[in-house]
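Right, I'll just put the structure down here and ask away after.
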Amino acid sequence: MEQIFTAMGAKYNYVAYIILMMVGLYAMIVKSNLVKKIIGMSIFQTSIILFYVSTAYKTGKTIPIVPYDAHAAVQAADFINPLPHVLMLTAIVVSVATLGVALALAMKIYRQYGTLEEDDIHEDLRSEEGKS
Amino acid sequence: MSLPIDFIVLALVVICGIVAISVKDLMAAAIVFSAYSFLMCLSWAVMGAVDVAFTEATVGAGVSTVFCVAAVFHSTRRTKD
Amino acid sequence: MKITGLLTVIICGALLTYYAMDFPDFGDGRSPANTYLSPHFLENTMHDAHVPNSVTTILADYRGYDTMYETTVVLTAGLACFFLLRRKESTSPPARFFRHVPTGLTLRIEEGGKLPAENSKVFTRIDSLWAPDSLIIRNTCRLIIAFVQLFALYVVAHGHYSPGGGFQGGVLLGSSIILFSISNDLRRTLKRFREKTAAVLGAIGVLIYSGTGFVCLLMGAHFLNYEALSPLLGLKTGDPMARSHGIFSVEIGVAFAVMSVMIWIYYNLSSAGKHDEGL
Amino acid sequence: MITQTVFSSRPLVAVLISLLAVPVLLSCRTKDIRETWTFIAATLKFLVVASMLPLILAGNEIRFTVFDVLPGLPIAFRVDAFGMMFALVSSFLWIITSAYSIGYMRSLHEHGQTRYYCYFALSLSATVGVAFSANLLTLYLFYEMLSLATYPLVTHHQDQEAKSSGRTYLFYILGASIALVLPAMLFIYAKTGTLDFAAHGFMGGAFSKSTLLVLVLMLVFGFAKAGIMPLHSWLPAAMVAPTPVSALLHAVAVVKVGVFCVARVITGVFGSDLLLSFNLNTVVCTIASVTIIAASLIALSQDGLKRRLAFSTIGQLSYIVLGVALLSPYAVTGAMLHIVMHAFGKITLFFCAGAIYAASGVKNISQMVGIGRRMPYTMTAFLIGVLSVIGLPPCGGFISKWYLVLGTLQADKPVFLAVLLVSSLLNAAYFLPIVYKAFFCTDEEAQFKKKVDEVPIWCLVPLCITASISVILFFVPQPFLKLAQMGVQAFIGG
Amino acid sequence: MIRHLPALLVIVPLLTALTVSALSWVAPRLCLPLTFGCIGASLASSIGILVEVIKSGPVVYTMGGWSAPVGIVYVIDYLSAPVLVVVTAVALINLIASSKQIDRDFSDKKGTFYTLYILFVTGMVGIVATGDAFNLYVLLEIAALTGYSLIGIGHERAPLSSLNYLFIGTIGASFYLLGVGYLYIATGSLNMADLARFMAMPEHGTSTMVMFAFIICMTGLFIKMGLFPLHGWLPNAYSYASPASSALVAPLTTKVMIYAMIRVGLYVFTPAYVFGRLQVGGAMVWIAVAAIVFGSLLALAQKSLFKMLTYIVIAEVGYMVGGFFLGNRMGITGSALHIINDAAMTLCLFLAAGAITYRTKSDDFKDLKGLFHQMPFTMTAFTVGALAVIGVPPTCGFFSKWYLIIGGIQAGHYGYAAALIFSSLVNAVLFFRIFETAYFDQPGDGKGHHHGHHKHHKHKNKMVEAPVSMIVPLMITALGLIALGIYTGDIVTHVIQAAIPGGIA
């Protein structure tokens, strides 16, 4: 047990990403309000970005912008790994795009049913089916 | 030396995340979500991912929030959960 | 539901934590992720493209193909919001609100009532949901917007050397317009930046990106291989500046696309697709 | 005799002719043209099939590989004596049935005749395809095609009765083939890597007795068209179809395809040696015997003429299965011959049933008292058919039954001899009263006060032809006897 | 230009999509021809690539001239080339077939619909062609986002089910992304071939991180393809969408995801790892069996055509996943073959259902009465599709089932073989129930008609066939099902056998 905690101490970022991911997942599974779910989804996605960014980090090293005038060979070990950053730029964009589409759908649903609560919508649908 | 800041920011991020999904007012949720994004972007900046942090600041804390607010404006602020 | 959800989440979390044990320590510079590919990018970014910001080089050159689709994703989101929400038929709201400018009174005109003239100076239409009429907000925003846009242009142009680039700059540009729309109103914004402009410009932005790549292809190199652009730019073959310029060109495309799509999405979301009354 | 292999596309042509007839039939505008085309196709098909006869009789084997549908597993045709015999009968009877259909359909003013003729042609394609297939996959393919092509024919009337019968039909036929044949076939393929029929089977010694038993049972029951109990109830249900369908398909094509498949599987897949060494053929024999007796007993209690014929067919089919499963040279010869003899006999009976229905609208036996006087030709033909099915001289049925009886003795299984004899008696018991009542009755008993005429010439001629062939076959059993003997030689080598 | 075909395959649709998007505001009339042209061009180039691959082996194309693992490469090999042809062909056929439907459903937003349509196809083609694990994620999102919006406009519950799909789809894609992240941490690479090279090293073969990467990648893909316990989003999403969208999304999404699963399983984690070290095969096949049984049974419980078809799709997903995890040559061949066949089958059935609803405005079973007389051509094609799903030779469904079942028998997994047979039987019941309604019952009257009424057929049942633009593609698809079946041998020997790595017995 103690081992796990020490290990976690060195990897607290990863723990944070897991907690956030679970917060997002929890919101998506349990919450009935669509906007809440959408926010949960965004949290879920950012948690993965956090994970990637954490993998790129090197303690005590600088940001991945190499000196403009350096004529000597660049020492890659001195810089933080830029590749996950690039990947995550894409992921952020994807997450905002998804957010937009999700909100558009949510608005469409609100227009149709007059509520954003999934429970209420399902109840409506059930009573409608019962009638027909 | 970045450990304490890093740690504090992360703790705040987690708290904001939990608040964002548990607050009963959707507008408040959207704003807390914005705060979450901003704190997250701070945390990334601390980790040296400046480009990612910049993007998250503009997108997550900025545009996303506006989108959320717009959606909440056109539907309802109240929620059961 | 709550209990099952919580249980699922806890189990997932426990599993994830368990498997996270194997990770290299946070901040470890010797992990495979940090030693296998990334040195190549860092060491060659100046040599290959003459761009110090290695993130930009990877984004727009080494993995430029990903980024092209990233921009396409943005456009897709814009199209999707338009496709899902936009209602062209004008369903007039049950009542419209007007402000009598001299007195600051708000008038509510029921459907069928006589409306003031379109270009009336005395009456201005206000949104039913929220009617900002703060001189301070309006003027401050007007002031800020210019600076935001200026900064955005800097971010786009200076992406090679500092954090930022087409995407961030584009979002900034877009948010400046959004800010204008919030501080004034949607109708006025639409007059300045029409929906059509947003839609077409968004597509053109991505077209600039993929078009740059396509030109490379037409020049006989592989898609997005900016090196092939050197004859067009009057450079020697093999000059890294060709790549640098190629990157700049696609960054501009990204900026265009992102700016207009962000605005477009905002238009549709803030007016629920009616482009009538915004926030 | 040395078997030579000849490569020729004629088997494919034979299959394709009726398949190609479908679009032609669909494009026909009027009845006359349609019927002409059906005739042309039927005749052509018969001629193509018959043209292969001399080659086969000379001891050759015709092979044709269409293409590899799966690597190493082609759609391939192989014409041997057994297949030739079956194809010859079914293609010949198509001509006759076409003629009969014309009369029947016209006199009853049936709807959807284009559909009717199209699916008929399709069914015949599939039948000949089954007869000529060189491997189990091809066989299965045409078997399924036949099942589906006959469905619209069975349900031709499109009423509630047809609907429920069609459901029964498909449930048994398709269900059994998917649930039993397909897995068995796949299992065999997975274990042996081939599906090509071989003269003495290709299963080898890789299987345990229990596995073999399961496989044999799956395949014997799976080909539910063979009508082995308990998978027989589709056949009486299918009698809602128009009579020509019942006649050709449910006396000849479909049901014989079933037993043909069973016979092919027993001889070509498992092989006589393997089955005999595990004594598995006795199991099949027992099942067939039970079916023979049970079907005959049920037939006794049926009043609908077509239903009685159906149960009779079920019994007769099991004769063939029994004969094949006995695996003695005489028994197999008898079984093969019985395919032919029973076909001519039973088709005559069905034609007669149809003719009676078309002329008088009567379906039940109890209402047929005295009909012999009104329709003398029809009922005479009926008598001949009955004699043939019972197996009395001077009809073809006698020959096949004779060989079957000899076969039981040759296989040293006298129990089954008893089965054959008992069932012959039962056959007589359920058929002869019909004929008796039809001719010999007092005027008061006769049910036909109104005038009933003989059926149209289109109906009458075919049934006379088949009846007379039944008789002729008694005297001239060639070339079928020759073919059967050749087949036996190939399978058993006795 | 031949050299650039792999790029053109994706670039041409992308450029056209952008042009169409812009043109829809300026010259909307040009949209349709452009869309046709570009998808046709895609089809042509994918056929060209297929020929090229068969002739001279896999084609690798480096994007931006950066070879792997630094840059992104496209790898078109024996596995992806046929799937590419299927994807583009399905898109083209559906586009022709549903142009009328599009006119009716999206009259004012046609341009946007076409743009989303092409982008969806671009995404799918990209997923199939890419050789980079992260690039696959980006394309996955393009396909998904367009998919959400295409589905979101529909009738009744469409937005709700689309949002549900979006949530679940996002979880799936994120899981995949996370899995790629784990792989990246473990190896430092993103290129598929490069990753496979790393997998062969002993330290990665035993790493729990890699194992978890596998689990989470696969879970993500399973969610996306709608494998049984994770299928919740699928039925509603596909059945409430406009037929024009569902006939595109339903045949492609699940199939391409299965392709991705095979690609990731065989070419990233390598068969030695998946089937040799992990030993997940047995458990996965049982899940697949559950999916097949569950999908078939629920299909039986449905009362409307589209709903039924969606549950059949769920069962079919089980076929392919099970076939893959059997881990032997036959099973994987069957799985890969079934991707092609099932795409065609699903297309045929969805198109037919679309044509039916186009005329009858309803897909409820009780509104299908008498359709054989009213829409003979549509119903013929529907019948062929149904026979293929049941698995009747010589339609293509039979042959892929053949491989799958033999794979099951060879692997000693009789439960799986039995499940396939069971599902065939259930499918037979399902479809013949429809045929009975459509063949025997009269439209309009409550019960079936009785004896003797058939004389009136000609008068009562006027032919109200769907427009020619729907019938012709439908017929082509139906014939394609038979052609695919007949050419199974060629497809398997020349293409699929070469696609399976040599290590698989």
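We just call them A, B, C, D and E in the order they show up, numbering each chain from 1.
Here is the rule we go by: a residue touches a chain if its C-beta (ideal position, glycine included) is under 8 Å from a C-beta of that chain, and two chains touch if they have at least 3 such contacts.
Since we're looking at a predicted model, the values are computed, not measured.
Identification of common neighbours of subunit B and subunit E yields A, C. More C-beta pairs in contact connect the chains of A-B than those of the other pair, out of D-E and A-B. Taking each chain's centre as the mean of its CA atoms, B is the chain most distant from subunit D.
Taking the mean of each chain's C-alpha atoms as its centre, the chain lying closest to the overall protein C-alpha centroid is E. Remark: subunit B and subunit C have CA centroids separated by 18 Å (rounded to whole angstrom). Annotation: 28 Å between the Cα-based centres of subunit A and subunit E. One simple way to say how far apart two chains are is to compare their mean CA positions; for subunit A and subunit D this gives 69 Å.
One inter-chain figure worth recording: subunit C and subunit D are separated by 75 Å, centre to centre, where each centre is the mean of the chain's CA atoms.
Multi-chain contact residues, meaning those touching two or more other chains, occur in subunit E at positions 134, 138, 141, 145, 148-149, 152, 159, 184-185, 190. Each of the following residues of subunit A touches two or more other chains: 12-13, 19, 25-26, 30, 54-59, 61, 63-65, 83-87, 89-90, 93-94, 96-98, 100-101, 103-108. Inter-chain contacts, as defined above, occur between A-B, A-C, A-E, B-C, C-E, D-E. Per the touch definition, subunit B reaches subunit A in the complex via residues 2, 6-7, 10, 13-14, 17-18, 20-21, 26, 29-30, 33, 36-37, 40, 43-44, 47-52, 55-56, 59-60, 63-64, 67-68, 70-72, 74-76, 79-81.
Within the complex, the subunit A residues that touch subunit E are 25, 28, 34, 37, 41, 44-45, 48, 51-52, 55, 83-84, 87, 90-91, 94, 97-98, 101-102, 104-106, 108-109, 112-113, 121, 125. Touching subunit C in their complex are the following residues of subunit B: 50-51, 53-55, 58-59, 62-63, 66-67, 69-71, 73-74. Subunit C meets subunit E in the complex at residues 19, 21-24, 31-38, 40-41, 61-66, 68-70, 72-73, 75-77, 79-80, 82-84, 86, 88, 196, 199-200, 202-204, 206-207, 210-211, 213-214, 217, 221-227.
Residues 4, 7-8, 11, 14-15, 18-19, 21-22, 24-26, 61-66, 69-72, 108-109, 112-113, 115-116, 119, 122, 126, 132, 134-135, 138-139, 141-142, 145-146, 148-149, 152-153, 159, 184-190, 207-209, 211-212 of subunit E are the ones touching subunit C in the complex.
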